[in-house]
Amino acid sequence: MESLTDASLKALSLLVSGDAELWAIISISFGVSFQAILYTTPPALLTAYALAHFEFPGRRTLVSLFHTLLAVPAVVVGLTLYLLLSRSGPFGDLKLLFTQTAMVLGQMVLSFPILVAMGHSALQSADQRVWETAYTLGAPPLRAMFTVMHEVRYGLFAAVIAAFGRIIAEVGCSMMVGGNILNYTRNITTAIALETSKGQFAQGIALGIVLLVLALVLNYSLSTLRHRLAMQA
Amino acid sequence: MKTPLFHFRHVTKRFGDRVLLNIDEFVVNAGVCMLITGDNGAGKTTLLKIVSGLVKPDSAKVQVKDAVLSWSKARVKIQRNLVYLHQDPYMLDTTVERNIAYGLRLHKEPRAHLYDTVADALRWARLDHLAHRNARSLSGGEKQRVALTRARIVNPSVLALDEPTTNMDQQSRISTYQLIDALRNEGMAILVASHDQTGLTPIADHHTQLVGGKLVNVEPAFKRSRATKVTRFPG
Amino acid sequence: ATAAQRPIRLATTTSTDNSGLLRQLLPPFEEQTGYPVHVIAVGTGKALRMGRDGDADVLLVHAYEDEMEFVSARYGVNRRDVMYNDFVIIGPHTDGAKIRGLKDALAALNRIQKAQLPFVSRGDDSGTHKRERWLWRQAGITPGGSWYREAGQGMGKVLQMAEELDGYTLTDRGTWLAHKPTLTHLLLLVAGDQRLYNRYGIIAVSPQRYEDINYRGAMRLIEWLTSQQGQDIIKNFTINGETLFFPLAGAN
Amino acid sequence: MESLTDASLKALSLLVSGDAELWAIISISFGVSFQAILYTTPPALLTAYALAHFEFPGRRTLVSLFHTLLAVPAVVVGLTLYLLLSRSGPFGDLKLLFTQTAMVLGQMVLSFPILVAMGHSALQSADQRVWETAYTLGAPPLRAMFTVMHEVRYGLFAAVIAAFGRIIAEVGCSMMVGGNILNYTRNITTAIALETSKGQFAQGIALGIVLLVLALVLNYSLSTLRHRLAMQA
Amino acid sequence: MKTPLFHFRHVTKRFGDRVLLNIDEFVVNAGVCMLITGDNGAGKTTLLKIVSGLVKPDSAKVQVKDAVLSWSKARVKIQRNLVYLHQDPYMLDTTVERNIAYGLRLHKEPRAHLYDTVADALRWARLDHLAHRNARSLSGGEKQRVALTRARIVNPSVLALDEPTTNMDQQSRISTYQLIDALRNEGMAILVASHDQTGLTPIADHHTQLVGGKLVNVEPAFKRSRATKVTRFPG
């Protein structure tokens, strides 16, 4: 049996000689997850703001619900979406099953509760005076919301990063509704699952390292940008 | 007699069992500066926040021109005409300049004009050397001055100032008194809650004290005519 | 190459895809017909389900009885045999149950149960699992207890578990050969019993049920797999010099 | 043909007639994830505090790293742990592979970066004056830390909830190092994966609903508790 | 002459290009109340925080008894003997009573005795009716009083008060002056940074002004002997 050192060395050598197939897999992963985050963030943050800002009956229950939705396994989301999109399901006519669109939809559903839960806890930690200051200086509700969001931007940023991390790392839903079709819906995690099921641990870990390195580069540049902006302000 | 800008009636507010405010009438008149004093916890901040549309009273009617509205309905009109200055002002996490420009930008001032106005205001508050510093790192008195500048620059009809001179040094206090006087003489209505009676009583047209949830008129030690005041502080 | 065609969705068991067979088999087909093939590798149970729901155009599976049922329920049409291999019983080279070299699979299972040594079952209702349960029934044993581990995972994972736990298991020869290089503690112990015959069939999903299914593509693929050229590729596909699948087309 | 409604109805009927096997699966899921959270929270929050409180070179990089680790797929963690615990790996002698202990270890690794990243962003939002107040009133460093943590307890609470959600919902690592052995290491998510692989979508969704309902009950009681404590304070 | 509690030398602090503090000598003597004044942004808060071990200076030596230590080394000794009161105090998110008890609990007071002490202190600060309220919901002046009470109850050798009377009403101010006087007479060293000169100059033994980063002595308007002060405020 192959030792961990061997596997890691193999992984690294695979990394440097990146081929077209590998890059297709990577670009599908990032493309799908970027789209999902892009479409989900605005409505999710609006929801988080509403939950943090407006008093209404059932608000606490709703917050609990979003925290709970974090515990829904990706594969259950995948399953449900599968049944909806299946040829014999209610939206079968859209022919979305086993497409990237289906993967984006699944990841949107997965990222929504994280963004709401984490965004809510960031917005809730905002000083009440932020809103009061904005309001009294004449900000209309939407503008006041942006001011509050700006004040807790690091917390919201962390929410987006966490949500992106979660969906780029998830496999259950993408496997289910994407189908792991080579060059079409195979992303990094479904590829890892495939390699693993073949007993090709080295390839699995190699892909894991690719993901990690790319995420690190992305994250670090965002954090540098954020740091630079903080210095300016 | 001219009609008041806002005429609050039957304002009540309780926290738990305690009735904090139970005020029959509270009038906001243009060109009048009203000083509100009272012990710690008397309810000055709460009253100003209710009048500013920031804290919901348990009950209140607001007469705006001829219409008698509920507090919630009156809020929008209040917001358009009044700026409230916090007792412990909040600095937005950006530069001093942008903090001060915040309200003006909402009023869609042309950009060039906007920064001229801001620069003037900064100079008045002796804050020009701090313009590009993050407002969070200011000293206590500097923050207070930024907040006052940020509020007055919007040029509202009513300015509600909660302890505006707290933390300020002597010179800033004096310019604040002068500012209040000048703005009032230009026709602004000014509400000040403060423990700084020495400095503010000479300027105020009315001095009222909050005791047991009621407003009680305090006779001013000396009362000057409008005319003398205008000449003393030519703005 | 011909002009681009609508993709064919092929739902297949993992053994054909994981072993690398389809990578040999499909490119020439795509080249010749212009049909891209989207391979969705799942368990036999799920592949049949996908056919039933109209989410796949054509199925390549190995569970003969279920396939027949599928066809007679009119979910699928034109089932053809494609290839076969066999199931084998593998186990630790220490072979505590002493089954090595047995020709009788039932006797082997008997000895494993007597020895109470770990047996890792697929436990996932796959074709292999169905065959295993059938064998236990034939042997008159109801397996249970701590030695009988129901893993609920794919063949590859079950082989790895057997390796780690010094356990026995039933596997198809293709997966065994594909994984053998990494399984240093395991040996092929029992093979050759008639009861261990494993055949793969291909079925087109019925166009009567789903008229927009890619039936033409499915039929082209079936034709191709059962053609001389397809069958030759299957015959010549080897891992480390060993043949994994044997052509079977023309048998029906 | 089974529609989504059918599947959901089946799921519900499975729920009410809970049998012994189902309950074994549920108790393994919650037992393993509780243990993992219990052991991980203290060191993770200490780390988060150190990152929020002490200035040292490389701090920002470390924070970025933890944010990035959120994007490591569970299956990669599982793979690595597998190779370490495998009989031919460095810790093979411990015979931990395919045990609940291995699952706990895997989930600890998975929850650590979430707790650190979210805990850090909560602790960072604490007012500098909290620490100064504690310190000047004579609190030794550890006590001052607890005071700061107490002030941002809702944020830390949200971090723990999110981490718990993540690990109770993860399947890749538990499948890999647990092995999905019935009555022993089969938890809710690996059971869902199994049902799904069989095409038994109704059972999969049923288990998903079980998980959701239990998580909701847990969450709601915690939130009620928290609410009551907040009222008292 | 008695030895000072802490003797700071060569304290410098800069923010960016600006040298904020450049102080040759700063002495903290037992039984002495020192008033520090200065314009907004002069550096009073920064100086007090450096002296309190909360803000790291760019350079500073601290003599404690016979030992001359770096600031970082002196910190622990400072912490044990000094309590700093923030200009804008932070209320811990719990009851007023627990806020006040916080420091005492750290000193491992026996529980029964502890709550007696707290109850006395609450009564002194006229906060007893607020004991079980969450300190976050207090008014500005109430917060200031809770913070002062929370600081003095620890009974340190040095009390560094940053604008202690800000936001307070007249009566609270007077009791604060009396408290400062009494504590000083009991031998506590007291440092007060404030703009409230009128109230504090009569009590302070020294009045020093922070100008351009340097401390400048201000001659008090009138200087009373220790004896008279003790009789006036019998504690």
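Just so it is clear, A, B, C, D and E label the chains in written order, and each chain counts residues from 1 on its own.
The rule is short, and it goes like this: a contact is a pair of C-beta atoms (placed from the backbone, for glycine too) under 8 Å apart; a residue touches a chain by one contact, two chains touch by 3 or more.
The structure displayed is predicted, hence computed values, not measured ones.
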What's the farthest chain from chain A if centres are computed as the mean of the Cα atoms? E
Maximum inter-chain contact count - chain pair: A-D
Counting only C-alpha atoms to place each centre, which chain is farthest from chain D? B
So, in whole Å, the Cα centroid of chain B is separated from that of chain D by 50
Could you grab the centroid distance between chain A and chain C? Build each centroid from C-alpha atoms only and quote it in angstrom. 36
Quick one: report the Å distance separating chain D from chain E, using the average Cα coordinate of each chain. 46
Multi-chain contact sites of chain C, meaning residues that touch two or more partners: 53, 154, 157, 163, 184
Residue ranges of chain B touching at least 2 other chains are 88
Per-residue overlap in chain A, given as positions that touch at least 2 other chains: 1-2, 88-89
Touching pairs - complete list by chain label: A-B, A-C, A-D, B-E, C-D, D-E
Which residues of chain B touch chain A once you look at their complex with the stated criterion? 49, 52-54, 79-80, 82-84, 86, 88-90, 92-95, 102-103, 106-107, 134, 150-151, 154
How about chain D: which of its residues touch chain E in the complex? 127, 129-130, 132-140, 143, 147, 150-151, 233
Seen from chain B, its contact residues with chain E in the complex are 15, 38-41, 44-45, 87-88, 130, 137-142, 144-145, 163, 166-173, 195, 198
Can you list the residues on chain A that touch chain C in the complex? 1-2, 86-89, 92, 97-98, 179-182, 184, 194, 197-199
Using the touch definition from the top, list the residues of chain A that touch chain D in their complex. 1-4, 7, 60-61, 63-65, 67-76, 79-80, 82-84, 88-90, 114, 117-118, 121-122, 124-125, 152, 154-155, 158, 161-162, 164-166, 168-172, 176, 188-189, 192-193, 196, 201, 204-205, 207-208, 211-212, 215-216, 219-220, 223, 227
